[in-house]
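Here the chain labels run A, B, C, D, E and F in written order, and each chain numbers its own residues starting at 1.
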């Protein structure tokens, strides 16, 4: 029998998830999303231009950028851009994931020649910043497309959650303390129809045998995604 | 007779100022400060190291960095660090001002060989981000020094506010709409003893005659600083 | 019934895989690895230093960097470093994957205070450059650890391969043409003991239903990994 | 009673100010300006283009850049641009001040769709490089506008000087040795009509009480500005 | 009498020179060139655009970029572009030489509004990487111009070789070991008509007296260039 | 018969060469050097540290950096370091040449563990900036070594000059107008003993036949170098 979770949750229970829509008044769409202590500001900015590789296609583009405030973590991280410092590799990796995830939610052709940039800025990190960024990013995206009269370009809701194998037990939505002790850390991006957009599973420390294990972990994640999509719908009205 | 202020304030009245201390759990000191719709996250990070020019001095250092979330403004700004992009010049100018202002609040010798970095990140901008950053930055700094047992290094409270000449009338704490129409924009950093740390006044459009005008504007600003210091004390307990 | 593969392979068949060990005489370990037309130069460089986060741990570190020659692809890519241009995001994402994969093959404690840097430079790209980089990177790593008398720090062989869902059919080791038409693209890093190190699956275009599908795709990938590990052993003698 | 100034000047006396117009033959306008030992090369370059934010306005733009030769100071500073090093923050702060100051001298609408870039490069620094840059920058600007037949866009002469509080005494145009001991350092940009463009006052070490003091310091500065404008007129003929 | 060369060559003998044309399938022109153990991948990429300074000229442009794989040398070099690192100065110096050399081989007017970029990437370095890059670069260029139907823009073949003064003796095509002991190192770019394009001679350690010596060294180099041009012709058919 | 030179000089005649030693008071050694209208500020800075590759050698290092003021040329060049812009390639190429040239003048072992950095900043360019930089750089270097009591580390004087083939005639010390029409441009670094340090000759437009021509051009250059060394001696007293 495995030990209790640090915050007393059941294995398949999400942390308290909160959305504060309209968090940034200037943006076409915005939300502050919290997965427990993890808090991410997501804004969606709509511009009447497309990147070079989409020029002349008639369709649009959705992209994401990710950053953390320097003190989102227990020790201070250097600020990108200061004295020429580029984004760190982890931020680059995450923003590419968020961008792929959110493009799956949109009909780029129906978007018209517009670019939507989803900015995800982590105020405080306690595990799961990338899944919170995807989940909140979708809310900001949906609000922005409505605001500019392009809601028809939304194809499906997209949300993300982690599942970890801790002490042999699959747990939903790891906080940092659990993440640090997980044998396997799986991040799943799914849709409100129970489909998958992206799955990233990483062995921490020791490689793992899957033998049917991945599908079970993914199924648990998709239950979490379904709950997140219900919460997204409640916010989006 | 001049027109009413856009938000109905009296000429010498601050916007609604709010402090949310402890806004970022990981930081030694933190606060969310709001001057009306302008909101800035301030964190203070204490590290047991000093920059090269302070090595061997026995004393410490206080420095500041400033950034804006890409969508803090009405149109999106490019994110620093992405594809090698450096901080923009305005951010550099402001963070230097904030650093000078906050060093005036601290006895660097009594600080010991420690560096405190004040990060000021603007969530939303509606004029006065630099004055909010100084005012909130001091709160974060004071909280952090207490947290590490170095409160004795605090010498005096520091706060900042703007005064603008709009339609010939000196107004305290301009919002963006007023700032855009001001003939003169003055930013004043002062102390809880009514002293000045820094004064920056800029003519917008037309040069101005001072003839005793500067001292009057500064006096109005110092009244605002006094009120801000009272609010800081309430937060710091 | 699905169409034949462009190069006539069976669905579970790897491309022709070739290793040319000792490809770069100066490196402690090196190999040119080819997965069909995809060719990657992998070198392992051993240095008697560790990164800051490993200082004083007694153990070592393994890291990876990834690049493509400007003309590894059908149109020319800009060269990193020229006129200050940083690495592109895709390279950053891949080199982080390669580093995590290869660290799983090594006992960092047994390595001692040494850093091994695996450089993966793509001469020509035809799909699967990241899986070739992991697979060849392990060969370079193993050769280098032998060369410096640290073969005891090798814990297990690591290799990687892709599986794609094309026309509803799971296919092993996609070339670029298949990759461009795959509904799902799964990259799997595994060990010679049939365990998993990392799994990354991405829907291309449409989200997908998994219902047990992931585990089957992973199983096919692990068969490919087993074959690659056999080929690695043959090269390593 | 305060001590004599290091170079024996009266409190309200400028250093020897010299202008060498036409110092750089290639530029539309240029001058070498010296405030005592501080020497700055100022050039004005006129180009038939405007920055993006002025496109289609029909008007032009004036901007400034500031740099110091690596050995303008007593110890060598690193050269910007070498090995990707960005401009240092002090240079950024100063060039923004110079740009604002010189735009006050020009009718941007009358300039037409032209950009004038004022480059200020410090050969040797002995305090007051920013005030020398503004003062010399105006001369270069005026020469350049004449050279391209746009003298009508000049609205007013602009010059700058510092005033410092040293041993309780207001002194005009501080050299480095005085600057290092001043209690307050005030930089004033003014016009030939005795108006103010920008005022920046900073407490060095201890905050200061103003009580009418700022206006007196500004008045002293404006006397210096008036003398500088007389010297500018003599040079501009 | 001087000692034998480390690899037993006669003083006027080239190392084994090999060309592997078509080394990179994606490029319009490519070759792997080896001068002994020095191996360089050269690709030529043709694009229908020209740099700003050639816009509207009707003619084209040829440029070169040079890089080394991190482990091309006996110790690992940092990779350009990683964490914002720019190209090192040596690479910049060499790519400018290669670009000048290859432009001498082409009638830029006859090229039309096209840019050819020659990428020279050193797999392994054993002296003479810049001369190998020029010599292989010409082969890649010629293959590319043929491939796009622009062979008529080729004016003359260009090749390069080094001559060194070792123990008072002029030796052709130095390897690294000889280069490190040479008193003078001369790099000569010449044409198949025995003409010179560029000559760079550097004293290593001690300055040298020329007294007719340069012309003799150049003559030896031109013999090497002639042999290289014969080999180029054989490859180009 | 060839046309007269634009400034009426004889073919073997230098432009008016002037040295203004002590041009920058802060530097250990400095000079303003003019070759006609080409003017370069050279400073030598001595620091008690050596670069990593010289650590523990007991000896020192001499290095050079080169820059041009933005308006040193007929059209404005972008300033290095602004918005992350790196040095341009031409500056990198030249500063490497200057560094090699000046190291030939010094006994690095006798220098002790010191680094001398020669900064060469071009105020105005009219051809020959690199040769003026070498020639003036030596003067700055010699003055600095005397100033720190290390004159014994000077081994020989070093100077540089160009020779060009214009209308079939070898001309010494080309100005920009001649340089633009030269068939061959040769830059020669030599010593006061008539020895060579570096020779760089480039065909402009058409390749050239040397047949003894290089040695004659070098001989003419060495006559110029001898004159320059005489002038250096006069300045150095």
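Here, contacts are C-beta pairs under 8 Å (C-beta built on N, C-alpha and C of every residue); 3 or more make two chains touch, one makes a residue touch a chain.
As the structure is a prediction and not an experimental result, all values here were calculated from the model.
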Chain of greatest Cα-centre distance to chain B: E
Longest centre-to-centre distance from chain D, chain (CA-based): C
Chain centre separation (chain B, chain C; CA means) in Å: 50
How many angstrom between the C-alpha centroids of chain F and chain E? 26
Between chain D and chain F, what distance separates the C-alpha centroids? Give it in angstrom. 33
Multi-partner residues in chain A (2 or more other chains touched) are 83-86
Every chain pair meeting the touch definition is listed as A-B, A-C, A-D, A-E, B-C, B-D, B-F, C-E, C-F, D-E, D-F, E-F
Listed in rising order, chain B residues that touch chain F in their complex are 84-86
Listed in rising order, chain D residues that touch chain E in their complex are 83-84
Touching residues (chain side chain F, partner chain E) in the complex: 86, 89-90, 92-93, 95-96, 100, 104, 156, 190-191, 193-203, 207-215, 218
Sites on chain F touched by chain D in the complex: 23-27, 30, 37, 41, 43, 45, 47, 65, 67, 69-76, 79-87, 117, 119, 121, 123-125
